[in-house]
Amino acid sequence: MKGLRQVFRELVKDPMGRIGLIGVLLLILLAVFAPLLAHYSPEKMVSMPKAAPNQQFWFGTDNYGRDIYSRILYGARVSLEVGLISVGIAASIGFILGIIAGYFEGRIDRIIMCIMDILFAFPSILLAIFITAVLGRGIENTMIAIGIVNIPVFVRTVRASVISAKGLEYVQNAKSIGVKTFPLLMRHIAPNTIAPFTVQATLALSSAILTEASMSFLGLGIQPPDPSWGSMLSEARAFMEQAPWMVIFPILFIVITILIFNILGDSLRDVLDPKLKT
Amino acid sequence: MKKCLILFLSLVLVCFACSALADNILRWGFESDPTGFDPHTNPEDMSIRVMNQLYETLVATNPDMTYYGRLAESWENPDEVTYVFHLRQNVKFHSGRPMTAADVVYSFERILGRTEAGDIGALGSKSTYYGDIDTVEAVDDYTVKFVLKNVNAAFLGNLSSNYGAIVDKDVIAANGDLMRADGGTGPFMLKDWVRDNNVSLVKFADYWEADRVRLDGITYYVIGDESARLAALRTGEIDISTMSASNVPIAEKDANLKVLSYQSNQYIALGCNMSTPALQDKRVRQAITYATDREALINIVFSGQAMACSIVPPSLGHWSVPLDELDVYHTDVEKAKAMMEEAGYSKTNRLSLKVAAGLLDAIRQSAVVLQQQLAEIYIDLDIVNLEQGEYVDTWYKMATPEAGFDMMVVQDGAGTDPNRSVAFFFKTGASANVFGYSNERVDELCDLALSTPDPDIREGYYNEAQKICIDDCVKTGIACMTMYYVTSANLDGFAPTAADASNYRDMYFVK
Amino acid sequence: MRNYVIRRILQIIPVLLGVSILIFAVMKLIPGDVISGALGVEGSPELRQALTVKYGLDKPYHVQYINWILGVLHGDFGDSLRTSEPIFPEMMRRFSVTAELTILGALISWIIAIPLGILAATHRNKGIDRFVRVFALMGVSIPSFALSILVILFLALVFSYFSPLGYVSFFENPVKNLQIMILPSFVLGITIAGSIMRMTRSSMLEVLQQDFIKTVRAKGASERITIFKHALRNAFIPIITLIGMQIGSLLGGAVIIEQIFSLPGLGQMTLTGINQRDYPVVQGCVLFIAFIYILVNLITDLLYAYIDPRISYN
Amino acid sequence: MNHLLEMRNLAINLYRGKKQPQVKLCEGINLDIKVRQNFGIVGESGCGKSITCSSIMGLLSYPLSVDPSTSIRFASNDGEVDLTRLSASQMRRIRGKEISMIFQEPMTALDPMYTIESQINEALSFHTSLNRQEMHVAALAMLEKVKIPRPDQILSDYPHHLSGGMLQRVMIAIALINNPRLLIADEPTTALDVTIQAQILDLMNELRESYNTSVIMITHDLGVIAETCEMVAVFYAGQIVEQAEINELFHATAHPYTKGLLKSVTSLGKVSEPLYSIAGAVPTAGAFSKGCRFHDRCIACTEKCRTSMPELTEVAPGHLCRCWLNQEANNA
């Protein structure tokens, strides 16, 4: 088990890890300080529509005369919020189910894994769309939908590492000297799941952000006036020729964000779990 | 491996190289998929554009708002409530069967719910359209007599609407309705409808005015994206499409394209569901109207290419009461705020309303601008953009809680006659009075106007009714837009007007 | 081998059952029932009652479910609330578009990804390898809709090229069909090419380090035989697993691509169904897509067994 | 040329990126293999035995490479060639035909995807023009020679159906089927059970006789060397530290390292006293000292050993050793 500090050190040593770490940090700062950094309210129509990028409107304005730069910043908030909360939902449920399935095996394991197989039987974006169709649109429902979609990967990851941890000698020893189930799980087994779990969480974040953007693009995710990169892009599509900045900036930020999380996830995997290296 | 790659690349090249050469087929770019082609029941815009080619009416409107015979060769008016139409004798349905007086009778019986099918929910069934037809009968094979219950000055105008199209009863008998079938007499026949993709029409060889029709067919392609439609126009993939004002400058720069425009009778309005308690308060409705900044909205949504309007747009000329005379249409946010406060709302006690909007850019974008403008007066709008079919369904339900919406942004056609723009939309129980408006005086005035042939007195009645409706603010007019068509430069013979914007009979390609 | 095939087929039955129960249960959660969707305001209580009986909604849930499933097994997915037409034939028509898009997308992604992945592995740390790694990372990170927009914008601005309109089936007019499908398939293919490329590269690298590759070389095999006959076949196993899973991304991605390129596929039918609250359509499409996905994964598993003699042995 | 193979000044480079200098994993290795000689190479793991043999086969791959100063001359059927100068296709004609190799891990040395027959056939098809039927006959005969029971059934089996011992027999069959002049066996028995080990060694001895093949036997096990070899080279940290005929080496051991090795295995299969082990570990490449590479583990280390590297010198006829002790003894 590597300590947090060592993981961090190794991550910083790897140039890609450094890029990922700094990128994510910057992104979080942008999102947290969006109200300070933004020049205008993201919903306010402050200028003539479709103004080209200039000193006042760094990324130009959209077809409603709203400041794209401010909307991008607030959009980062929405993206990260949706990403973190939906992965949070998926990770916590997935963690509990994974531990239960991996530790107890037998029937309960089969039931949980069967449900996961069923969830896995849907293409993920389709499942997310289906769930929002039922729950209704809007930010909370988008989070829930993406959360549910991501549960199975966490269950599988955690279950696999629990099963391999159970075979470890010291866990066997602890068990044989009569350590109770819960402390055994928490103290001896759970720590073994952390590495693959963290890697999975980082990669799930990037896919959650991508799913959110796709759904908002289809008009099923975040609803106006909340700024979301996906919905900004879907709006901008009609004006891409007259106002390419309306298209370029959201795409740029979507791609960079997903890229950064992928880079961080890859380097984390190399550091934490060299076995998984691809 | 290498061979495979070369093979693949050459295949791709071949595909790109030989693009299909279109013959004399007009290719249209549609904003959304039509919902069906029953002219009596479907008011949806895309469908109407198709139905106007499939079906015809007894009379049609000239650009100066006078009428000429289409399926009727001539008509006479022996007394104020009787109309006798002499039909053309060479008209055939697309099935090849000649159209006779019996078909006209059937069509109107169907509209009025007097056939075996019962009430089919026809758009023209209410008194504002054909509801006051007392009897329709075939005098002989080519003569039809209509007797009205009371005098209706708008009767001819109503007949020119596709809601009164003449349909083939055999086709209805075979298909149940006309949503996916074609029972018309028009210049083009329905050939194929690939859902979400295209509708293709072919020229009807036995059309009564076949010599006049120079196109071999029309294919409507569904291209949701306006930018994609514009690109398709520029690359010659399609020949014609509507275009919003914001994209017109690009089209104008392109020598291969031509821009046609006309001041339409289409207007954007915001309607209140009268079953929502908060909106039953007139102060709230008026505050909404006061808070609406039409100029700002027009700048954003229509690039300035539209006119602020009430519920009777300026294209109706003297029938329309000028906006200056209408106090509620003078934007006054402070006054609106005060009224909201009076009604009990404040910064902390805001009013949340669910608004239905549509996928059409004008509707969707207007909703966003209104959302922003109304935020100032403590109103939070929650916008849901409805797909075309659901939009129409919701529109019908907007007077009831079942609609699920408190307000709706609509794009309505004011027609060519105040009967349509006032009575059709505001008279109690009228077909298009979807928001549940009801005012006894308005009903009375509409009836009076209809039975008054004298235009000046009629105008007086309509003006009074108009002002009452406007003051009640159940439906607030916002903007009446200039409509644009962008066509390829070699397309000729098309002159859209507010009266008739979808007459493609005379179109042709300049070789 | 035969036993293995039978066992795998038996294994998907509970999953299929579970998927159908899940879809059925979720559809029952929808606020406002199907009848309200079908009826306008004018729905009188009598009419409502009549429709309730007609759709069998008065029966207990499990009976409704069994009726639905029995119908589905006979290819009867019910009627659309909007068009009142049976859903299944429309679904099949739509599926042919989605299937073509998905298959072409998959082919394009393989044509791009697998050779490049192999090249990267055999030229480790050289220029081509670096290019492939960057390309793959970008491919994984660019959403299909963003790529579509960029491609459309680029082709329109630079080459004034626009994908032809009006879908025609391949059998009707193969040239026009390919002209229409090539761009969307290409975009779809690129979006999954990244991960396949990465998998090919890492899997090839792993295999190339194994002892038996040395044996093959020691026998005097040429590089071509070493790479294609031995390394690639071994490396294919994880690649095939990934490809099977990617079919899910393709089917899902098709929903978006069909929307952008106006293709009348299953994804667009699903979305339209959702927008129109045409619940039987949504229910049918989602079940059908899930079914296809499960089927594809079954086929991958069987292919797996076909390629790897060790699988069916265990 | 007197020898089947003459290796001169073999050096193997490890590439560690643009910024860092290359490291030599092996250097200055000279080997002479006579026709029909059994040559043993012994040493701990990581001392460069395997890569030395791989470089004969031309099978080193990135980041390893043979230094250009090296020459490996080989008396092939078509005359004398320098293996390091051959083109890839020329080298392929030698590999598997004139020089074959057997590896340590029989379980992983065969491609799991193909049958035994197709893997044996491959070796034939690369170098002969036999048709399928002839190849089948040849493969069957070869399996019989390596004493595999039920050979026709085994031919259609996949590697995962067979045990390690059987697989190693298959490997030997593949290696010998083209009647090579030189067989390199890289720890052929290490991964096997002791009883199987003996069987395999016996088989190899037997076949070598009948095939007139020279063998290079790489092992860390002096017992194996004693059973099979005539000449032995002892490797340590990328160098030859001692080379002699088998009897000379066992009875007149010169190098302290060899002594240590011998001490740790008194005799094959018999452990009479607590196992001796040499303290410390082999230094890693790039961290070699200027002096003798064994000095920090050597019980007889002197100041000179720390600072300068001894040469490989003849301490007795045909007996080479790289140690200051012997050189001084000789000089003195």
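Note that the chains take the letters A, B, C and D in the order they are written out, and that residue 1 is the start of every chain.
Following the convention adopted for this analysis, a contact is a pair of C-beta atoms (placed from the backbone, for glycine too) under 8 Å apart; a residue touches a chain by one contact, two chains touch by 3 or more.
Since we're looking at a predicted model, the values are computed, not measured.
When the interfaces A-B and A-C are ranked by how many C-beta pairs touch across them, A-C comes first. Look at where the CA atoms of chain A average out and do the same for chain B: the two points lie 45 Å apart.
Centre-to-centre separation of chain A and chain D, using mean CA positions: 53 Å. Each chain gets a centre from the mean of its Cα atoms; for chain B and chain D, those two points are 89 Å apart. The distance from the centre of chain A to the centre of chain C, each centre being the mean of the chain's C-alpha atoms, comes to 23 Å.
Taken residue by residue, chain B touches two or more other chains at 225, 231, whereas all remaining positions touch fewer. Counting partner chains per residue, chain A shows two or more touched chains at residues 237, 240-241. Contact with two or more other chains is made by residues 156, 259 of chain C. Pairs of chains meeting the touch criterion are A-B, A-C, B-C, C-D. The touching residues of chain D, counted against chain C in their complex, run 54, 57, 59, 62, 88-89, 92-97, 100-101, 103-105, 108-114, 122-123, 126-127, 158, 160-161, 171, 174-175. For chain A in complex with chain C, the residues that touch the partner chain are 114-115, 117-118, 121-126, 129-131, 133-134, 136, 206, 210, 213-214, 217-218, 220, 230, 233-234, 237, 240-241, 244, 247, 251, 254-255, 258-259, 262-263, 266, 277-278. By the touch criterion stated above, chain C contacts chain B in their complex at residues 36, 40-42, 82-83, 85, 90, 111, 115, 152, 156, 160-162, 164-167, 173, 175-176, 178-179, 182, 259-260, 262-264, 268-269, 272, 275-277. Remark: chain B residues 225-227, 230-231, 244, 246-247, 249-250, 296, 299-300, 303, 361, 365, 368-369, 371-372, 375, 382-385 touch chain A in the complex. Across the complex, chain C is touched by residues 1, 4-5, 8, 11-12, 14-16, 18-20, 27, 29, 33, 35-36, 121, 179-180, 194-198, 219, 221-225, 228, 231-232, 234-235, 237-238, 386-387, 389-390, 393, 396-397, 399-400, 402-403 of chain B.
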